[in-house]
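A, B, C, D, E and F label the chains in the order they appear, each numbered from 1.
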Amino acid sequence: MKISARNILKGKIVAIKKGATTAHVQIDIGGVVVTASITNEAVDDLQLKVGEPAAAVIKSSDVMVAVAD
Amino acid sequence: MKISARNILKGKIVAIKKGATTAHVQIDIGGVVVTASITNEAVDDLQLKVGEPAAAVIKSSDVMVAVAD
Amino acid sequence: MKISARNILKGKIVAIKKGATTAHVQIDIGGVVVTASITNEAVDDLQLKVGEPAAAVIKSSDVMVAVAD
Amino acid sequence: MKISARNILKGKIVAIKKGATTAHVQIDIGGVVVTASITNEAVDDLQLKVGEPAAAVIKSSDVMVAVAD
Amino acid sequence: MKISARNILKGKIVAIKKGATTAHVQIDIGGVVVTASITNEAVDDLQLKVGEPAAAVIKSSDVMVAVAD
Amino acid sequence: MKISARNILKGKIVAIKKGATTAHVQIDIGGVVVTASITNEAVDDLQLKVGEPAAAVIKSSDVMVAVAD
(Lines give C-alpha, C1' and ligand atoms only; values in the text may rest on other atoms or scores of the structure.)
Protein backbone atom coordinates (compact mmCIF):
# COMPACT_ATOMS: atom_id res chain seq x y z
CA MET A 1 0.00 0.00 0.00
CA LYS A 2 1.23 3.52 -0.87
CA ILE A 3 -0.33 6.31 1.19
CA SER A 4 -0.92 10.02 0.69
CA ALA A 5 0.49 10.95 4.11
CA ARG A 6 3.65 12.96 3.39
CA ASN A 7 5.55 11.90 6.52
CA ILE A 8 6.77 8.31 6.71
CA LEU A 9 9.57 8.30 9.30
CA LYS A 10 11.33 4.96 9.37
CA GLY A 11 12.89 3.59 12.55
CA LYS A 12 12.76 0.88 15.20
CA ILE A 13 10.20 0.25 17.96
CA VAL A 14 11.74 1.00 21.36
CA ALA A 15 8.67 0.83 23.62
CA ILE A 16 5.05 -0.35 23.63
CA LYS A 17 2.69 0.52 26.51
CA LYS A 18 -0.89 -0.76 26.35
CA GLY A 19 -3.76 0.91 28.25
CA ALA A 20 -7.38 -0.24 28.45
CA THR A 21 -8.11 0.60 24.79
CA THR A 22 -5.19 2.82 23.70
CA ALA A 23 -1.50 1.93 23.36
CA HIS A 24 1.55 4.20 23.19
CA VAL A 25 4.23 3.03 20.77
CA GLN A 26 7.64 4.74 20.62
CA ILE A 27 9.76 4.57 17.49
CA ASP A 28 13.39 5.67 17.35
CA ILE A 29 13.79 7.31 13.95
CA GLY A 30 17.54 7.85 14.30
CA GLY A 31 18.28 9.48 17.64
CA VAL A 32 14.81 11.05 17.92
CA VAL A 33 11.94 9.09 19.48
CA VAL A 34 8.44 9.58 18.06
CA THR A 35 5.40 8.61 20.15
CA ALA A 36 2.29 7.20 18.48
CA SER A 37 -1.03 6.69 20.21
CA ILE A 38 -2.89 3.82 18.50
CA THR A 39 -5.51 1.20 19.42
CA ASN A 40 -4.56 -2.00 21.25
CA GLU A 41 -6.13 -3.90 18.34
CA ALA A 42 -3.65 -2.26 15.94
CA VAL A 43 -0.70 -3.36 18.11
CA ASP A 44 -1.96 -6.95 17.97
CA ASP A 45 -3.04 -6.81 14.33
CA LEU A 46 0.39 -5.53 13.19
CA GLN A 47 2.14 -7.84 15.70
CA LEU A 48 4.27 -4.94 16.86
CA LYS A 49 7.27 -5.86 18.97
CA VAL A 50 10.08 -3.87 20.60
CA GLY A 51 13.21 -4.05 18.44
CA GLU A 52 11.30 -4.52 15.19
CA PRO A 53 11.49 -2.03 12.30
CA ALA A 54 8.46 0.28 11.91
CA ALA A 55 7.56 3.70 10.53
CA ALA A 56 5.74 6.64 12.09
CA VAL A 57 3.17 7.84 9.55
CA ILE A 58 1.84 11.39 9.89
CA LYS A 59 -0.45 13.45 7.65
CA SER A 60 1.09 16.89 6.93
CA SER A 61 -2.13 18.59 8.11
CA ASP A 62 -1.43 17.14 11.55
CA VAL A 63 2.04 18.70 11.79
CA MET A 64 2.47 22.09 13.41
CA VAL A 65 5.56 24.30 13.29
CA ALA A 66 7.10 25.95 16.34
CA VAL A 67 9.94 28.41 16.74
CA ALA A 68 11.74 29.72 19.80
CA ASP A 69 10.22 32.89 21.36
CA MET B 1 5.16 27.85 26.32
CA LYS B 2 5.40 24.11 27.14
CA ILE B 3 2.96 21.90 25.25
CA SER B 4 1.36 18.49 25.84
CA ALA B 5 2.17 17.23 22.32
CA ARG B 6 4.68 14.41 22.81
CA ASN B 7 6.53 14.92 19.53
CA ILE B 8 8.70 18.01 19.18
CA LEU B 9 11.15 17.25 16.36
CA LYS B 10 13.81 19.96 16.13
CA GLY B 11 15.42 20.86 12.82
CA LYS B 12 15.83 23.53 10.14
CA ILE B 13 13.34 24.89 7.60
CA VAL B 14 14.32 23.78 4.08
CA ALA B 15 11.26 24.85 2.08
CA ILE B 16 8.13 27.00 2.37
CA LYS B 17 5.40 26.89 -0.30
CA LYS B 18 2.34 29.13 0.14
CA GLY B 19 -1.02 28.36 -1.48
CA ALA B 20 -4.16 30.51 -1.42
CA THR B 21 -4.80 29.87 2.30
CA THR B 22 -2.57 26.89 3.18
CA ALA B 23 1.23 26.67 3.20
CA HIS B 24 3.52 23.64 3.15
CA VAL B 25 6.62 23.97 5.32
CA GLN B 26 9.40 21.37 5.19
CA ILE B 27 11.74 20.87 8.15
CA ASP B 28 14.90 18.78 8.00
CA ILE B 29 15.10 17.06 11.38
CA GLY B 30 18.49 15.46 10.73
CA GLY B 31 18.45 13.74 7.37
CA VAL B 32 14.69 13.23 7.38
CA VAL B 33 12.37 15.95 6.04
CA VAL B 34 9.00 16.44 7.75
CA THR B 35 6.20 18.28 5.89
CA ALA B 36 3.78 20.49 7.80
CA SER B 37 0.60 21.95 6.36
CA ILE B 38 -0.23 25.21 8.18
CA THR B 39 -2.06 28.46 7.44
CA ASN B 40 -0.39 31.28 5.50
CA GLU B 41 -1.10 33.51 8.54
CA ALA B 42 1.00 31.20 10.71
CA VAL B 43 3.94 31.45 8.29
CA ASP B 44 3.77 35.25 8.49
CA ASP B 45 3.00 35.38 12.23
CA LEU B 46 6.01 33.17 13.09
CA GLN B 47 8.13 34.92 10.42
CA LEU B 48 9.23 31.54 9.12
CA LYS B 49 12.21 31.59 6.75
CA VAL B 50 14.18 28.91 4.95
CA GLY B 51 17.40 28.16 6.82
CA GLU B 52 15.99 29.13 10.21
CA PRO B 53 15.69 26.65 13.11
CA ALA B 54 12.18 25.28 13.77
CA ALA B 55 10.46 22.25 15.28
CA ALA B 56 7.76 19.97 13.88
CA VAL B 57 5.17 19.52 16.65
CA ILE B 58 2.86 16.50 16.46
CA LYS B 59 0.28 15.14 18.91
CA SER B 60 0.81 11.40 19.53
CA SER B 61 -2.83 10.70 18.66
CA ASP B 62 -2.03 11.93 15.14
CA VAL B 63 0.82 9.46 14.63
CA MET B 64 0.13 6.08 13.02
CA VAL B 65 2.47 3.09 12.92
CA ALA B 66 3.21 1.12 9.79
CA VAL B 67 5.19 -2.05 9.18
CA ALA B 68 6.28 -3.78 5.99
CA ASP B 69 3.82 -6.37 4.61
CA MET C 1 2.98 -1.47 4.12
CA LYS C 2 0.46 -2.42 6.84
CA ILE C 3 -0.83 0.51 8.90
CA SER C 4 -2.30 0.93 12.38
CA ALA C 5 -5.22 3.05 11.16
CA ARG C 6 -8.33 0.97 11.80
CA ASN C 7 -10.36 2.29 8.88
CA ILE C 8 -9.32 1.30 5.38
CA LEU C 9 -12.37 1.84 3.18
CA LYS C 10 -11.80 0.44 -0.30
CA GLY C 11 -13.44 1.97 -3.35
CA LYS C 12 -12.88 3.86 -6.60
CA ILE C 13 -11.81 7.45 -7.22
CA VAL C 14 -14.72 9.46 -8.63
CA ALA C 15 -13.32 13.01 -8.46
CA ILE C 16 -10.05 14.90 -7.97
CA LYS C 17 -10.02 18.70 -7.50
CA LYS C 18 -6.65 20.41 -7.02
CA GLY C 19 -6.28 23.78 -5.29
CA ALA C 20 -3.11 25.83 -4.85
CA THR C 21 -1.58 23.37 -2.35
CA THR C 22 -4.49 21.14 -1.26
CA ALA C 23 -6.51 18.67 -3.34
CA HIS C 24 -9.91 17.12 -2.66
CA VAL C 25 -10.21 13.48 -3.70
CA GLN C 26 -13.57 11.67 -3.64
CA ILE C 27 -13.73 7.89 -3.32
CA ASP C 28 -16.92 5.90 -3.84
CA ILE C 29 -16.75 3.10 -1.25
CA GLY C 30 -19.92 1.38 -2.46
CA GLY C 31 -22.70 3.90 -2.81
CA VAL C 32 -21.20 6.29 -0.25
CA VAL C 33 -18.66 8.91 -1.33
CA VAL C 34 -15.84 9.79 1.07
CA THR C 35 -13.95 13.06 0.63
CA ALA C 36 -10.23 13.26 1.42
CA SER C 37 -8.24 16.47 1.64
CA ILE C 38 -4.59 15.74 0.77
CA THR C 39 -1.62 17.61 -0.70
CA ASN C 40 -1.25 18.15 -4.44
CA GLU C 41 2.14 16.39 -4.15
CA ALA C 42 0.40 13.26 -2.83
CA VAL C 43 -1.99 13.24 -5.81
CA ASP C 44 1.00 13.35 -8.19
CA ASP C 45 3.17 11.00 -6.12
CA LEU C 46 0.45 8.31 -5.99
CA GLN C 47 -0.54 9.07 -9.63
CA LEU C 48 -4.17 9.21 -8.59
CA LYS C 49 -6.68 9.11 -11.44
CA VAL C 50 -10.46 9.13 -11.60
CA GLY C 51 -11.75 5.59 -12.15
CA GLU C 52 -8.79 3.93 -10.42
CA PRO C 53 -9.15 1.81 -7.26
CA ALA C 54 -8.13 3.51 -4.00
CA ALA C 55 -8.84 3.33 -0.27
CA ALA C 56 -9.80 6.03 2.21
CA VAL C 57 -7.59 5.56 5.28
CA ILE C 58 -8.78 7.06 8.57
CA LYS C 59 -7.37 6.80 12.12
CA SER C 60 -10.13 5.82 14.60
CA SER C 61 -9.25 8.81 16.79
CA ASP C 62 -10.33 11.04 13.90
CA VAL C 63 -13.81 9.50 13.67
CA MET C 64 -16.70 11.03 15.60
CA VAL C 65 -20.11 9.48 16.21
CA ALA C 66 -23.38 11.33 15.67
CA VAL C 67 -26.98 10.39 16.38
CA ALA C 68 -30.25 12.04 15.45
CA ASP C 69 -31.57 14.58 18.00
CA MET D 1 -27.08 20.84 13.89
CA LYS D 2 -25.49 20.86 10.40
CA ILE D 3 -21.71 20.39 10.37
CA SER D 4 -18.90 21.31 7.97
CA ALA D 5 -17.34 17.82 8.07
CA ARG D 6 -17.75 16.42 4.56
CA ASN D 7 -18.05 12.78 5.57
CA ILE D 8 -21.23 11.69 7.36
CA LEU D 9 -21.42 7.91 6.91
CA LYS D 10 -24.75 6.58 8.15
CA GLY D 11 -25.08 3.09 9.61
CA LYS D 12 -25.80 1.05 12.73
CA ILE D 13 -23.74 0.54 15.89
CA VAL D 14 -22.40 -3.02 16.03
CA ALA D 15 -19.98 -2.78 18.97
CA ILE D 16 -19.06 -0.51 21.89
CA LYS D 17 -15.93 -1.17 24.00
CA LYS D 18 -15.18 1.21 26.88
CA GLY D 19 -11.66 1.67 28.27
CA ALA D 20 -10.62 3.79 31.25
CA THR D 21 -11.31 7.09 29.46
CA THR D 22 -11.59 6.15 25.77
CA ALA D 23 -14.23 4.00 24.06
CA HIS D 24 -14.16 2.27 20.67
CA VAL D 25 -17.45 2.34 18.79
CA GLN D 26 -17.94 0.34 15.59
CA ILE D 27 -20.54 1.37 13.03
CA ASP D 28 -21.59 -0.82 10.10
CA ILE D 29 -22.14 1.60 7.21
CA GLY D 30 -23.41 -1.07 4.82
CA GLY D 31 -21.05 -4.01 4.80
CA VAL D 32 -18.05 -1.95 5.91
CA VAL D 33 -17.38 -1.38 9.62
CA VAL D 34 -15.92 1.98 10.68
CA THR D 35 -14.18 2.28 14.07
CA ALA D 36 -14.45 5.50 16.08
CA SER D 37 -12.39 6.30 19.15
CA ILE D 38 -14.37 8.69 21.39
CA THR D 39 -14.59 9.56 25.09
CA ASN D 40 -16.59 7.41 27.52
CA GLU D 41 -18.55 10.58 28.38
CA ALA D 42 -19.65 10.88 24.75
CA VAL D 43 -20.93 7.29 24.75
CA ASP D 44 -23.04 8.04 27.84
CA ASP D 45 -24.06 11.54 26.72
CA LEU D 46 -25.34 10.26 23.34
CA GLN D 47 -26.77 7.12 25.02
CA LEU D 48 -25.13 4.99 22.35
CA LYS D 49 -26.36 1.39 22.18
CA VAL D 50 -25.53 -1.55 19.94
CA GLY D 51 -28.20 -1.93 17.25
CA GLU D 52 -29.10 1.76 17.21
CA PRO D 53 -28.67 3.97 14.11
CA ALA D 54 -25.63 6.30 14.13
CA ALA D 55 -23.29 8.07 11.73
CA ALA D 56 -19.49 8.17 11.53
CA VAL D 57 -18.50 11.81 11.07
CA ILE D 58 -15.05 12.56 9.61
CA LYS D 59 -13.42 15.81 8.54
CA SER D 60 -11.96 15.52 5.02
CA SER D 61 -8.58 16.76 6.28
CA ASP D 62 -8.42 13.61 8.42
CA VAL D 63 -8.87 11.25 5.46
CA MET D 64 -5.83 9.87 3.65
CA VAL D 65 -5.80 8.08 0.31
CA ALA D 66 -3.94 4.83 -0.31
CA VAL D 67 -3.35 2.80 -3.45
CA ALA D 68 -1.88 -0.64 -4.00
CA ASP D 69 1.93 -0.73 -4.54
CA MET E 1 -27.76 15.74 14.98
CA LYS E 2 -25.97 15.21 18.34
CA ILE E 3 -22.23 14.57 18.05
CA SER E 4 -19.60 12.87 20.20
CA ALA E 5 -17.14 15.77 19.93
CA ARG E 6 -16.85 17.19 23.46
CA ASN E 7 -16.19 20.79 22.41
CA ILE E 8 -19.05 22.75 20.88
CA LEU E 9 -18.13 26.42 21.31
CA LYS E 10 -21.04 28.66 20.34
CA GLY E 11 -20.49 32.12 18.87
CA LYS E 12 -20.85 34.33 15.80
CA ILE E 13 -19.00 34.25 12.48
CA VAL E 14 -16.72 37.29 12.18
CA ALA E 15 -14.72 36.41 9.06
CA ILE E 16 -14.72 34.01 6.10
CA LYS E 17 -11.73 33.78 3.74
CA LYS E 18 -11.91 31.32 0.84
CA GLY E 19 -8.80 29.90 -0.86
CA ALA E 20 -8.64 27.60 -3.88
CA THR E 21 -10.09 24.61 -2.00
CA THR E 22 -9.82 25.55 1.69
CA ALA E 23 -11.58 28.34 3.58
CA HIS E 24 -10.72 29.94 6.94
CA VAL E 25 -13.74 30.78 9.08
CA GLN E 26 -13.37 32.81 12.29
CA ILE E 27 -15.94 32.52 15.07
CA ASP E 28 -16.08 34.89 18.04
CA ILE E 29 -17.05 32.67 20.99
CA GLY E 30 -17.34 35.58 23.46
CA GLY E 31 -14.24 37.73 23.23
CA VAL E 32 -12.05 34.91 21.92
CA VAL E 33 -11.86 34.21 18.17
CA VAL E 34 -11.50 30.60 17.03
CA THR E 35 -10.21 29.85 13.51
CA ALA E 36 -11.54 26.87 11.57
CA SER E 37 -10.07 25.56 8.35
CA ILE E 38 -12.82 23.84 6.30
CA THR E 39 -13.58 23.13 2.65
CA ASN E 40 -15.07 25.78 0.37
CA GLU E 41 -17.91 23.31 -0.29
CA ALA E 42 -18.76 23.29 3.42
CA VAL E 43 -18.96 27.10 3.48
CA ASP E 44 -21.44 27.00 0.58
CA ASP E 45 -23.32 23.94 1.84
CA LEU E 46 -23.89 25.48 5.29
CA GLN E 47 -24.51 28.92 3.71
CA LEU E 48 -22.12 30.47 6.20
CA LYS E 49 -22.26 34.27 6.44
CA VAL E 50 -20.44 36.83 8.58
CA GLY E 51 -22.66 37.91 11.46
CA GLU E 52 -24.56 34.64 11.64
CA PRO E 53 -24.51 32.35 14.71
CA ALA E 54 -22.28 29.26 14.44
CA ALA E 55 -20.35 26.86 16.67
CA ALA E 56 -16.74 25.69 16.54
CA VAL E 57 -16.78 21.90 16.97
CA ILE E 58 -13.59 20.19 18.13
CA LYS E 59 -12.86 16.58 19.11
CA SER E 60 -11.08 16.42 22.50
CA SER E 61 -8.30 14.28 20.97
CA ASP E 62 -7.44 17.28 18.79
CA VAL E 63 -6.97 19.63 21.75
CA MET E 64 -3.52 20.07 23.28
CA VAL E 65 -2.70 21.74 26.59
CA ALA E 66 0.04 24.31 27.01
CA VAL E 67 1.45 26.05 30.08
CA ALA E 68 3.90 28.93 30.45
CA ASP E 69 7.58 27.92 30.66
CA MET F 1 8.07 28.46 22.00
CA LYS F 2 5.72 30.10 19.45
CA ILE F 3 3.48 27.68 17.55
CA SER F 4 1.68 27.73 14.19
CA ALA F 5 -1.62 26.52 15.68
CA ARG F 6 -4.05 29.43 15.26
CA ASN F 7 -6.14 28.69 18.35
CA ILE F 8 -4.55 29.31 21.76
CA LEU F 9 -7.45 29.62 24.20
CA LYS F 10 -6.21 30.78 27.60
CA GLY F 11 -7.97 29.73 30.81
CA LYS F 12 -7.70 27.72 34.03
CA ILE F 13 -7.64 23.95 34.58
CA VAL F 14 -10.88 22.84 36.26
CA ALA F 15 -10.56 19.05 36.02
CA ILE F 16 -8.02 16.32 35.27
CA LYS F 17 -9.08 12.67 34.86
CA LYS F 18 -6.38 10.08 34.13
CA GLY F 19 -7.16 6.75 32.41
CA ALA F 20 -4.75 3.89 31.73
CA THR F 21 -2.79 5.84 29.10
CA THR F 22 -5.02 8.81 28.21
CA ALA F 23 -6.08 11.73 30.42
CA HIS F 24 -8.96 14.20 30.00
CA VAL F 25 -8.12 17.76 31.01
CA GLN F 26 -10.82 20.45 31.21
CA ILE F 27 -9.93 24.13 30.86
CA ASP F 28 -12.37 26.95 31.61
CA ILE F 29 -11.62 29.60 29.01
CA GLY F 30 -14.03 32.16 30.47
CA GLY F 31 -17.40 30.52 31.07
CA VAL F 32 -16.84 27.84 28.42
CA VAL F 33 -15.08 24.59 29.32
CA VAL F 34 -12.85 22.97 26.70
CA THR F 35 -11.93 19.28 27.02
CA ALA F 36 -8.50 18.04 25.91
CA SER F 37 -7.53 14.40 25.58
CA ILE F 38 -3.77 14.05 26.13
CA THR F 39 -1.34 11.39 27.36
CA ASN F 40 -0.82 10.73 31.08
CA GLU F 41 2.89 11.46 30.48
CA ALA F 42 1.99 14.96 29.27
CA VAL F 43 -0.02 15.63 32.44
CA ASP F 44 2.99 14.65 34.55
CA ASP F 45 5.57 16.31 32.29
CA LEU F 46 3.72 19.66 32.36
CA GLN F 47 2.87 19.17 36.07
CA LEU F 48 -0.74 20.08 35.35
CA LYS F 49 -2.86 20.86 38.41
CA VAL F 50 -6.47 21.91 38.88
CA GLY F 51 -6.66 25.67 39.48
CA GLU F 52 -3.51 26.44 37.49
CA PRO F 53 -3.49 28.61 34.34
CA ALA F 54 -3.27 26.73 31.02
CA ALA F 55 -4.21 27.15 27.36
CA ALA F 56 -6.12 24.86 25.00
CA VAL F 57 -4.13 24.71 21.76
CA ILE F 58 -5.95 23.64 18.58
CA LYS F 59 -4.83 23.56 14.94
CA SER F 60 -7.39 25.31 12.69
CA SER F 61 -7.57 22.23 10.45
CA ASP F 62 -9.00 20.36 13.45
CA VAL F 63 -11.86 22.82 13.96
CA MET F 64 -15.21 22.19 12.30
CA VAL F 65 -18.08 24.66 11.96
CA ALA F 66 -21.67 23.81 12.78
CA VAL F 67 -24.91 25.75 12.37
CA ALA F 68 -28.43 25.07 13.58
CA ASP F 69 -30.62 23.03 11.17
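Quick notes
Note that a contact is a pair of C-beta atoms (placed from the backbone, for glycine too) under 8 Å apart; a residue touches a chain by one contact, two chains touch by 3 or more.
Treat the numbers as computed from the prediction; the structure is a model and nothing was measured.
Under the contact definition stated at the top, the chains bordering both chain C and chain F are A, B, D, E.
Comparing mean CA positions across the assembly, the chain most remote from chain C is F.
Judged by contacting C-beta pairs, the busier of the interfaces D-F and A-B is A-B. Mean C-alpha positions place chain A and chain E at a centre distance of 29 Å. For this pair, chain A with chain C, the centres built from the Cα atoms lie 21 Å apart. Centroid to centroid, with C-alpha atoms defining each point, chain B and chain C lie 22 Å apart. Shared interface positions of chain C, i.e. residues touching 2 or more other chains, are given as 1-6, 19-22, 24, 35-39, 41-42, 46, 55, 57, 59-62, 64-69.
The part of chain D that touches chain A in the complex is made up of residues 17-24, 35, 37, 61-62, 64-69.
Only residues 1-6, 25, 36-39, 41-43, 45-46, 55, 57, 59-61 of chain F touch chain B when the two sit together in their complex. Residues 1, 3, 5-9, 13, 24-25, 27, 29-32, 34-38, 42, 46-48, 52-69 of chain C are the ones that touch chain D when the two sit in their complex. Listed in rising order, the residues of chain F touching chain A in the complex are 1-5, 19-22, 39, 41, 59, 61.
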